[in-house]
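Have a look at these structures, which come just after this line.
Here chain A shows up in two complexes: once beside chain B, once beside chain C.
Presenting the complex of A and B:
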């Protein structure tokens, strides 16, 4: 029982880091928060691995640590250094409005999750609510932010949310599938960072 | 709740211990901050000496001041005392525990702010109006999250009084972690969210550094200090003691969320008192750490932080309604 409660704490920390991401105007802090969020996701997977004693989940834990906690933030920092874009993030709406909007999205996802659970699909209702909220807030980040770089953070947040939901339903996907998904994500980050560099060089955004 | 002699005696003892310890905690935070900056630092008991000195001095009021200025400091002080009478710290039955409704506590805090700002405006100086306006700017922003914190605590435990709320949490935690009985309302996530939310609110309400800096008298940085700039003598002493009491109220609620341990009978009181003081010192170190690490924030960045606190308490309320 205690383990379940600690797992809930990790999931809540994912949501808290996303809300902090909405509220902070600093791009370096956003990347650090993404790294922290992935670490919490990895710990959640580790709890599941210990509980179900499944080799797939242990593998998933290690892969998440390597790719999401270390490699992707490293590349993002490297790109940030090259672009020399240490300015604050621009948003189409003000920060307090965005944060309150994120809160209403959490309420909405709570309502949706209740409806879905009533239909009889049985998986962790807590995890599903939080992952839906994270998904919607990530989408909101992608819509409201002006620059490409800060939209990447929203994209990565959405990916984390889907990962969380998948882990809550299935007790771990096959390792091959997860490796494929993570590799896809990694390649897309590489392509996006090259795109940012080229945009900067050619058009000077 | 049957009210017997034991509750009366220990409730009174608890009240006086909290009131007497209040300046000590404020002094402890101040001392820690000064030592971290490399200064020698004040005596930890300096604030008692200040209070004693200020009580002997005469009161100077502006010629425009009305009768409000004469009663406002006492109302503010009495208000905080009443809140502390309701608050359980280390004994489960506080003196006014029967009427310690959470909404009442939240609005009593607002009442004290109201009279302090009334006093500030009554003096007729420009700084008073400025300070009152800024103080309400902060209070209005932080009040929703304070109310949500209290309401989600009430929903989470299904009790309305603050003594019952924390006793319920304590019993649930003891059942779950000591004897392994899952009694339903045990969660780590909800207290965690409430703690962060309340921490942000208490930093803003108690005029601590990322939001306000009460040590300077610069008109740009004054929030809390502008209200009591005109105050002198006994009134100043009472206001300062009131601010220590307010800090103690917030720290006590946070310490109960962090680790609820309240004595039920006489034998548990020494242990509960020691745990209470330790928790308060840990929270003081936490607040001093935040004050040392952060610079003073720009005023228009304050709503960002307070909105985060509001949303965290909102999430906690959603979770407690769902009953996780």
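Presenting the complex of A and C:
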């Protein structure tokens, strides 16, 4: 069961990185956390690839590394440098309250996942819980932060959560579909970066 | 022949990168006419579900209704764009900017065709997200502060919504992979429909709910509709027409696919959720229409209302489904003509507010007439085609629940009053001019002395032709189209006639 324990470690690190994201006001740190989170997701996929020995998952591991760990954070850093946004971000609820709220969302997602798991997910039930928690905390990030970058990071976190869920209850989506999804995500980040540049140029948002 | 429907927009896309804008407008006309004729040829000779391009794409009756809608509206919008480009260039916009206009528009059309014709749900998702991204830079085409904010809201909200839809597809994949194994086969819609009752019912219901909320964000159901008025009003008018007319329907197609899958495995609860969301959308848009001061936002709210009516019709079932399918086509034509003719007003006067525009009938005779009759048509008055769609839907609603029917009827009357009062104010003169005695001395109108001659004739007459078509369709619908609509509504019983 060593492989199982190592996989659980990666999943827990994903949850830890999301909560760290909530607890910190710095945007650069948030982007680095996102990159770390995607790396953990990629390693989880790699463990699945080794365990089930499927080419699909090896390919998924590689494209996750390329798109989510390297390319998207690189573009976000470039945009951040051009925009010269303040490193601090202001928010609707303070940081300690946000962390407590994130904890309660984790509990909530545990409750929800128990109901779903009862009906028949055979493996990866723990991962499904964590993916639901990441989804909810990412949504909270989007809602309670006023900076545009935080909305992007929140959206990317939600997307990571869905990938995690896809890898937890099945052996991964077909490679063609994953390639399409990741490519769309990448283009959407490019377009959002262009929009941020233009929004900052017109007024101070 | 089926592959050409996908290949031609792709060719247009590649050509638009290289060709000059004015040449591209001619090519766009040619390609739109070709696509339209191919779709008509397909529609005439269609009698069973056809799969093509390796099982990834297929055409069935519902697809065909939306495909006919897209190709018809694109034909008229291509003619309108021809004039629009020339008018804007004559008004001083650079040609380089318009090159990107055609590129993104063709990418939009291509990804919409991919999305509509797809058999594989993953490809449907990719196409839908690609349409969001392709229209994002079109909505911000004018590069004003409001348009950038509108684009931001649009991209973020629709991407989150579509991500929730991805969650729905993941859960559906989980259930179908227990029947078909984990491969691309288990995302194929035809396979899923044939698996039918073997799928786990709880997960199917969960997947439908997630898809309803997720793809419903892109359709514009309330309470997820906040992006719609801004995005549809800030873009250039032909883009607004396409967005309102066909993109909302493409997202609705995803919800309908999940609805069909649930129907095939014997779950009938989804219809109540569709009815609920449809009714709530009509309610919210009825109360919002009254407060609008910008005429393009007004029409955007009307789009939202019509999507609510269409969803209500699909939820009620029976005869209302025929009404909804007809409404999809007629609403695209009618909303297209409203946005295009209001685009004429905007292009000539550069004024977005309703109370700054008066006395349209004097200087813009054709456009004003089209606007007035278009608003009558969009509210469902005869002799325009949407009367037929709304009668079928309202018959279905009244048959199932009289109270709901009265509520919906009252809301529709509200919307009619709201739209008509504002447009009538624009159409005739008001007292501020006439009191002054002198022609435009104290006037607050924006268009002193501007008239229709600054606009290219295509822009003026395309909405008029759409209006006449919409009126003609009430009295005579070609019988192949009627057969297609009837077969499509039979498909909603949950069984596909697959040969």
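Quick note on the criterion: the second predicted complex is superposed on the first by the 201 of 205 C-alpha atoms of A that agree within 3 Å, B and C clash if a C-alpha of one lies under 4 Å from a C-alpha of the other, contacts with A are read in each partner's own complex, and residues count from 1 in each chain.
In this section, contacts are C-beta pairs under 8 Å (C-beta built on N, C-alpha and C of every residue); 3 or more make two chains touch, one makes a residue touch a chain.
Bear in mind the structure is a predicted one, so any value in this text is a computation, not a measurement.
*Asks:* Using the overlay on chain A, decide if chain B and chain C clash or can fit next to each other.
*Replies:* fit
*Asks:* Tell me which partner touches more residues of chain A in the superposed arrangement, chain B or chain C.
*Replies:* If we count touched residues of chain A for both partners, the winner is C.
*Asks:* If we overlay the two complexes on their shared chain A, which of chain B and chain C does A:117 touch? Say first, second, both or neither.
*Replies:* Neither partner.
*Asks:* Is A:180 in contact with chain B, with chain C, with both, or with neither (first, second, both, neither)?
*Replies:* second
*Asks:* Please indicate which partner A:155 is in contact with in the superposed arrangement: first for chain B, second for chain C, both, or neither.
*Replies:* second
*Asks:* Quick one: is A:6 in contact with chain B, with chain C, with both, or with neither? Answer first, second, both or neither.
*Replies:* first
*Asks:* Quick one: is A:66 in contact with chain B, with chain C, with both, or with neither? Answer first, second, both or neither.
*Replies:* neither
*Asks:* Scan A:170 for contacts with chain B and chain C and give back first, second, both or neither.
*Replies:* second
*Asks:* Considering only C-alpha atoms, give the closest distance between chain B and chain C in the superposition, rounded to the nearest Å.
*Replies:* Here the least C-alpha separation of chain B and chain C stands at 23 Å.
*Asks:* Return the residues of chain A at which the contacts from chain B and from chain C coincide.
*Replies:* Common to the two interfaces on chain A: nothing.
*Asks:* Can you check the complex and tell me which residues of chain A touch chain B?
*Replies:* So the residues of chain A touching chain B come out as 1-2, 5-6, 8-9, 11-12, 15-16, 19-20, 23-25, 95-96, 99-100, 102-103, 106-107, 110, 114, 125-126, 129.
*Asks:* Spell out the part of chain C that touches chain A in their complex, as residue ranges.
*Replies:* 120, 122-123, 125-126, 129-130, 132-133, 136-137, 140, 143, 145, 148-149, 151-152, 155-156, 159-160, 163, 166-167, 170-171, 173-174, 177, 182-184, 187, 200, 202-203, 206
*Asks:* Inside the complex, what are the residues of chain B that reach chain A?
*Replies:* For this pair, the touching residues of chain B are 176-177, 180, 182, 186-189, 192-193, 196, 303-305, 307-308, 310-312, 314-315, 318-319, 322, 324.
*Asks:* Contact residues on chain A for chain C in the complex?
*Replies:* Touching chain C: residues 116, 119-121, 135, 139, 142, 148, 151, 155, 158-159, 162, 165-166, 169-174, 176-177, 180-181, 183-184, 187-188, 191-192, 194-195, 198-199, 202-203 of chain A.
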